[in-house]
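Below are structures written as C-alpha cells.
First chain A sits with chain B, and in the next complex the same chain sits with chain C.
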Partner chain A sequence: MGLLAQALASGVVTGAIYALIALSLVIVYKSTDVINFAGGDVLMASCYVALLALISAGLPYWASALAAVGAAAVIGAGFDRLVLERIGRSVRGQDVLVAMVTATIGLSYVLKGAVRLLSVSSEVRSLPSQFLGPPIILGSVILLRQDIGILATAAITGAALFAFYRFTRLGRGMRAVAEDPRAAALIGIPIVRMRMLSWAVACAVAAVAGLLVAPKILMTPDMGIIVILAFAAAVIGGFTNFPGVVIGGLLLGIIENLVACTSRRKRSRWRRSSSSWWC
Partner chain B sequence: MRRTALAVVAAAVVAVPLLSTDYGVYLANTLLVSGVLAIGLDILLGLAGQFAFAHIAFFGIGVYATGLLTNRFSLTFPLPLLVGATLATGVALLIAIPALRLRQVYLALTTYAFAAVAQWVFHSWDAVTSGANGLRMSPTVLFRWHLIDDRDAYPLLVVIGLVMVGARALLENSRLGLAMKAVHESEPVALASGIDARRTKIVAFGISGCYAGIAGGMLPLFTSYIHPDTLGLETLVGILTMVVVGGLGSTWGVLAGVVVMGLLPELLRDLQVLRELVYGAVLMLAVMFMPRGIAGLAHRSAS
Partner chain C sequence: MRRLIGAIVALWLVCDIGSARAWPVGDPHGPYADPGISDNEIVIGLFGPESGPLRNFGFDPMGAAQMWYEMVNKAGGIWGRKIRLVIEDDKCDPTTLNGVARKLVTVDKVFLLNGGSCTPAAVSAQEYVTREKVPFVMLNAAGDNALFPPTRYVFGAFGGTQFTVGGTLFDFVAKQLHVKTAAYFGNDDDFGSANLAAAKFMAEKRGVKLVAIERVPTNIVDVTAPMLRIRQANPDVVVVTSYPQPATLAMQKMSEFAFSMPIVFAVQSVPNPAGLVKNVGNLAAFKDFYYGSPLNDLTDGPRQRWVLKMYKEQFPDRTPTAFMSYGLPSAQAITYALLMAGPNPTRESFIDAMSHLKFDTGVLAGPIEFGPDKRDGHNASIFIKFDGTNSERMPGVYVNEYRSEK
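== the complex of A and B ==
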C-alpha cells in the first residue's frame, strides 16, 4: 500500500512534466497542423541556455531561467516565421504536412548539432534544483520538496496558459486562428503573427518543462528523446483537447511509475534510453 | 537529355565495382537498399498521400525473416527473401486495416507507435531474434555459390533494384496507380468517381510494406549482422528525408534524393561535430527552397 501511494505520488510529478511537454506539442499542432518532432530538442536547447547563463555568464537562477524561456520562444517564433511560413506558401495540398514535419526534423538536428558545439555539452551536467530542504513525510509517502516545486510550477504554468487562452484578447485571437484560419483572417486577425506567437508560447512551455526536469535527470544533447512519452500523453488525451492532454500526461506518469515499481523484469538498454531515469 | 541521364546512371552502376574501393561498393550496396526502401515509402507517401511511419518495422521483418531462414534452414537465395517480403506484406495489410481509419497526424502517430512496438519485439524476443545482442546472419547461398563480400552481392542487388524500379514505373500509370493519385489529390472526389478509396489505401500500404520487406531481404546479402537499434526512428527519418528532398511522387527524384542524402553524411564525415548541424540545415533549406524536391528542380530547369 505504501509502495502504491509512493508510486502514485511520483507518477503525478512525472506526469505533470509530460503534460507540459504534451501541451507544447498540442499548441503547435492546433495552430499550425504540424507534428513538432523538434519539441524535445527545443526543451534540450533551452536547458543548455540556462546552464550557460548560470555557469559562463554567472547570472542568478531566475535570470537564467528567463533567458532559457526567452530563447525557446525566439527559436519557436523564428522557425515558424522563417521556415514554416515559406513552406506553407510554396507546397500545395496534403504534402504540406510531410514537408513541415521534415522541417521540424531538420530543426531537431540543427539544435542537437549546435548544442554539441558547446564545450559544456561534452560532459554530463545537471541543472541545480531551486526547491531544497528536507523531504516532507506524509504517512508512508515521502515527498521531495523538489517534486512539490515541480508540481506547483507545472500547475501554475498550466493555469496561466488556460487563463491566457480564455481571457486575453491575444489568446482568443490565437484560438480563433487555430479553429478556422480563413474566418479569423476575414475578421481581421493577423494569422501569420498569431501562428508565430503560438509557436513562441509552445516552445516557452517546453522550456519550462525542461527547467523542471533537468535537475532530476542527466543533461545530454540527446535528452530530447523524452518527447516520445509526451507524444504518447498527447495521443491519450486526444491531441487537440487541452484538459484531455493534461489527464493523458498524468495517467502516463502514474502508469509508468506503477509498472516500474511493481515489475521485476530487467530493463534493456533500449528502455533505459527512453524512460527509466525516473525510478 | 533523358537518354544521357540514363547513360550516365548506367555507366556509374557498371563503374562502381570496377573502379571503387571495397568501402565504395559497400556504400553502393547500402544505397541500393535505401533506394528500394525509399521507393516503397514514396508509394505510400508520395503516390497515395498517406503519412505513415510503420515502414521501418516492415523492413525489420524482412531482415529478420530472411536472416533467420538462411541461418536455421540454410535455404538458398530467393526463397528467404520472398518469404520475408510476403510476411512483411501480410503484416502491412493487417496494420493497414485498423490504421487507415485514421488520418493525418493520428495515422502518423499510430503507425509510429507500431514501429516502436516492432522494435521492442526485435529487441526483446531473445529466443528468436537473439534480442539486444543482435543477430549474426550466415552468408547467402545462391545455387552453389556463397556470397561472402560486398562485390559478390552487388550485381544481385542491382538486379533486384532494377526490378523494383521497373515495378514502380509500371504502377505509375496503371489503374491502381492512378487511383492512388486520385485518393492523394482528394478523397471525396476519388470516392465520387467510383474509386474504392479505402481499398486503394490498404493496397498501397501492402505494396509499400512489400518493398520494405524486399529491402530487408537485400540487407543480409552483404551484411552479416543486424542490431535492433538500427531499426528505429532514426533510420526511418533518414529514408523520409531522402524521399522528401528527392521529391514526393517522382521515382527519379526519390532515387536522386537517395544518392544525395545517402552520400551527404559521407561528405560531412570530416566535419565531425558540425555534421548534425549541416545535415539539419540542408534538410530545412531543402524543404524551404525546393518544394517539389530535386525532381521539381530538374523539371523547372528542363522547361
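== the complex of A and C ==
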C-alpha cells in the first residue's frame, strides 16, 4: 500500500506538469480559437534560452528565467503579428483556422531546428531546481521539495489565470475577442493587440512550465513531445476551463502512474502467485 | 593456406601500426573487374552524420577513419595504390543514408562503402548493397538487424552489437560484483529487445536471477512506476541500458528513492558521465556506480593516448569527443582486408578477406573477428567505476556469449 501511495503522489506531481503546459494551450485556444501545436516546442526553446543565459552569459538563475519567459513572450507575440495576422488577412472563411493551426506546426519545426543548431542541445541537459532541501517523508511516501514547488506553482498559475480571465478588463476583452471578434471590434476592443497579447501570455506560461519541469523531465530538443499529454489533459478538462484543465492534468498523471503500476503486476500475478497486486 | 597467409600479414601489420614502412608496394595493373579501383587508387565512400542532432555519433569517428587512411597513404598506400575518400553526410537518417549510398556507388563509383554511425540508418542500406554486391563496412553503428542473420556484403558492430552490450553487462555484474539478483531497465524497442535477449541469456548462464525487467518508451517523462517496481523487487544490482534521457530519469529516481545497491549503466546510457552527474544533482547517487565501454581503456587512459596523439596531429583545431576512437577499427579492417586481398583485389576477394579477418585494433576491449558466417566484429567490454568525479577502470574484459537465434 505504501508503494501505491508513492505512485499516487508521483502521479499528482506528473499531472501538475501536464496541467501547467495544458494551461498555455488553453490560453491560446480561448483567445484565438487556434490549437497551438507549437506549445511544447515554445516550452523547449525557452528552456534552452535559460540554459544559454546561465552557462554562456553567466547570468544568475532569476535573470536567466526572466530572459526565458521574455523570449517566449516575444516568440508568441512575434508569431502572431508576423504570421497569424497575415494569414488572417489573406485567408478567408473556414480555411483560416486550418492555415493558422498548420502555421503552429511550422513554428514547432522552426524552433526545434533552431535549437538543434546549438551545441548545448547535443546531449541531455537540465536546469537547476529552485526548490532545494531534503525530501519530506510521510510514512513510506517520499516528497521532493521540487515536486511540492511544481504543485504549488501549477495551482497558483491556474488560479491566477482563472481570476485574470474572469475578473479583469483585459481578460474579459481577450475572451470577448475569442467568442465574437466582430462584436468585440464593434465595442472598441483592439482585436489585433488582444490576440498578440494572448499569444505572449500563453508562451510566457509555457516558459514558466518549462523552467519548472526541466529539472524533472530533462532537456532535449525533443522534450516538447510532452505537449501530447498536455493536449490530453486539456481535453479531459474541457479545453476552455482553467480549473478543469488543472484537474484534467492531475487525473491524467495519477491514472498514468497507477495503470503503469498495476497492469504489469496484474500480468505477473498469474506467473508468480506470491506477488502483490499493487506495485 | 590463404587464411594462414592472411593471418600472418594481419599480424605483421598489427605489430607495425603507425609505422611508415608497414605497407607493401606492389605492381598493380588492370583491367579491373569492379569500379573504384585503378592502378593508382582505390576509392572509398566514407559517410556518417556530419550535421544534425546526432552529429556527435559520427563526426569524430569519421575523422578517426580519415586519419587512418591518411596514415596508410603516407606509408605508400596499399599495394602501391592510394586511398581516395569521397565523404558524405548521412545525418543518421535512413532516407538520407540510402541516397548517399546510391550516389557513392552510381555517381562516384566507389569500390566499397565505409559508413553509418546510427543503427536504423545503417541497417536501411543492407538491401541496396546486397543487391548491388557492394561491400559495406559500417563505421561505428551497432547494426544488429543487418548483422543477424549475417549477409555476405555487410560487416559491422566494431563497437559491439546490443547483444554485446546486454551480454557483457551481466558477465560483469556476475564476475566482478558477485550479485545473485538483478533488475533490468531498458528500451521497449528493437534495440532494447536485442539487448535484453543477451542480458537474459548471460544472467542465466552466470547464475544471476532477473527479479525485475522494466522496459520503457524512449520518450518517457516519468519513470516512477518502473522504479517503484524495481525498489519492491529489492535486487542486488540495477542494470540500465536505455537511451540517455530515460537513463538519467531513472538515475534521478534512484537517487530520490535512496537506492543503495550498485548501479551499472550500458555505454549508450551515459555518453557524458560528467553531464549525468550535473543532471542528477546528487553526488551520493554515484557511490557505487559503473558503466560499460567497448574501448580498451578510459578515453584519456594510457592505451588510448596513441589515438588521441594521432588525432591531434591530423586535426590540431579539433577537440575529440568520447566517440572518436570508435571510428578507427572499421578503417583498420578495410585496409587490412585490402592488403590480404592481394595486389589486384575485386569486391568479392575483398569480402573473402574480410570474412577471415581477426586482429587487435589497439583501441577496443577485445579483438575484431569476422568469419564466413559472422559479420559482427566485436564482442567485449570493459567497465569503469565512476564516483561522480573520478573514473577508474575495473579489472578484466567482459564478453558476451549469446548469439542470435535469427
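Rule of thumb we're sticking to: the second predicted complex is superposed on the first by the 263 of 279 C-alpha atoms of A that agree within 3 Å, B and C clash if a C-alpha of one lies under 4 Å from a C-alpha of the other, contacts with A are read in each partner's own complex, and residues count from 1 in each chain.
In this section, a contact is a pair of C-beta atoms (placed from the backbone, for glycine too) under 8 Å apart; a residue touches a chain by one contact, two chains touch by 3 or more.
Computed from a prediction, not measured in an experiment: that's the story for all the values here.
For the composite obtained by superposing both complexes on chain A, the positions of chain B and chain C are free of clash and fit together.
When the two complexes are overlaid on their common chain A, residue A:Y29 makes contact with chain B while staying clear of chain C.
In the superposed pair of complexes, A:Q94 makes contact with chain B only, with no contact to chain C. In the superposition on chain A, A:T102 makes contact with chain B only, not with chain C.
In the superposed model, A:D222 makes contact with chain C only, not with chain B. Once the two complexes are overlaid on the shared chain, A:V83 sits against chain B while remaining clear of chain C.
Of the two partner chains placed by the overlay, chain B and chain C both lie in contact with A:R116.
Look at A:A163: by the touch rule set out above, it reaches neither chain B nor chain C. Overlay on chain A (Cα): least separation between chain B and chain C is 5 Å.
Residues 116 of chain A contact both chain B in one complex and chain C in the other. On chain C, the positions that touch chain A within their shared complex are 52-53, 55-56, 219, 221-222, 224-226, 228-229, 231-232, 244-245, 248-249, 252, 256-257, 271-272, 275, 278-279, 281. On the side of chain A, the complex with chain C involves touching residues 3, 6-7, 10-11, 14, 17, 116, 121-126, 128-129, 135, 142, 144, 215-218, 220-222, 225-226, 229, 253, 256-257, 260-261, 264-265, 279. Per the touch definition, chain A reaches chain B in the complex via residues 29, 33, 35, 83, 86-87, 90-95, 97-103, 105-114, 116-117, 228, 231-232, 235, 239, 268-270.
Chain B contributes residues 45-46, 49, 51, 104-106, 108-110, 112-113, 116, 119-120, 123-124, 131-132, 184-185, 228-229, 237, 240-241, 244, 248, 273-284, 287-288, 291 to its touches with chain A in the complex.
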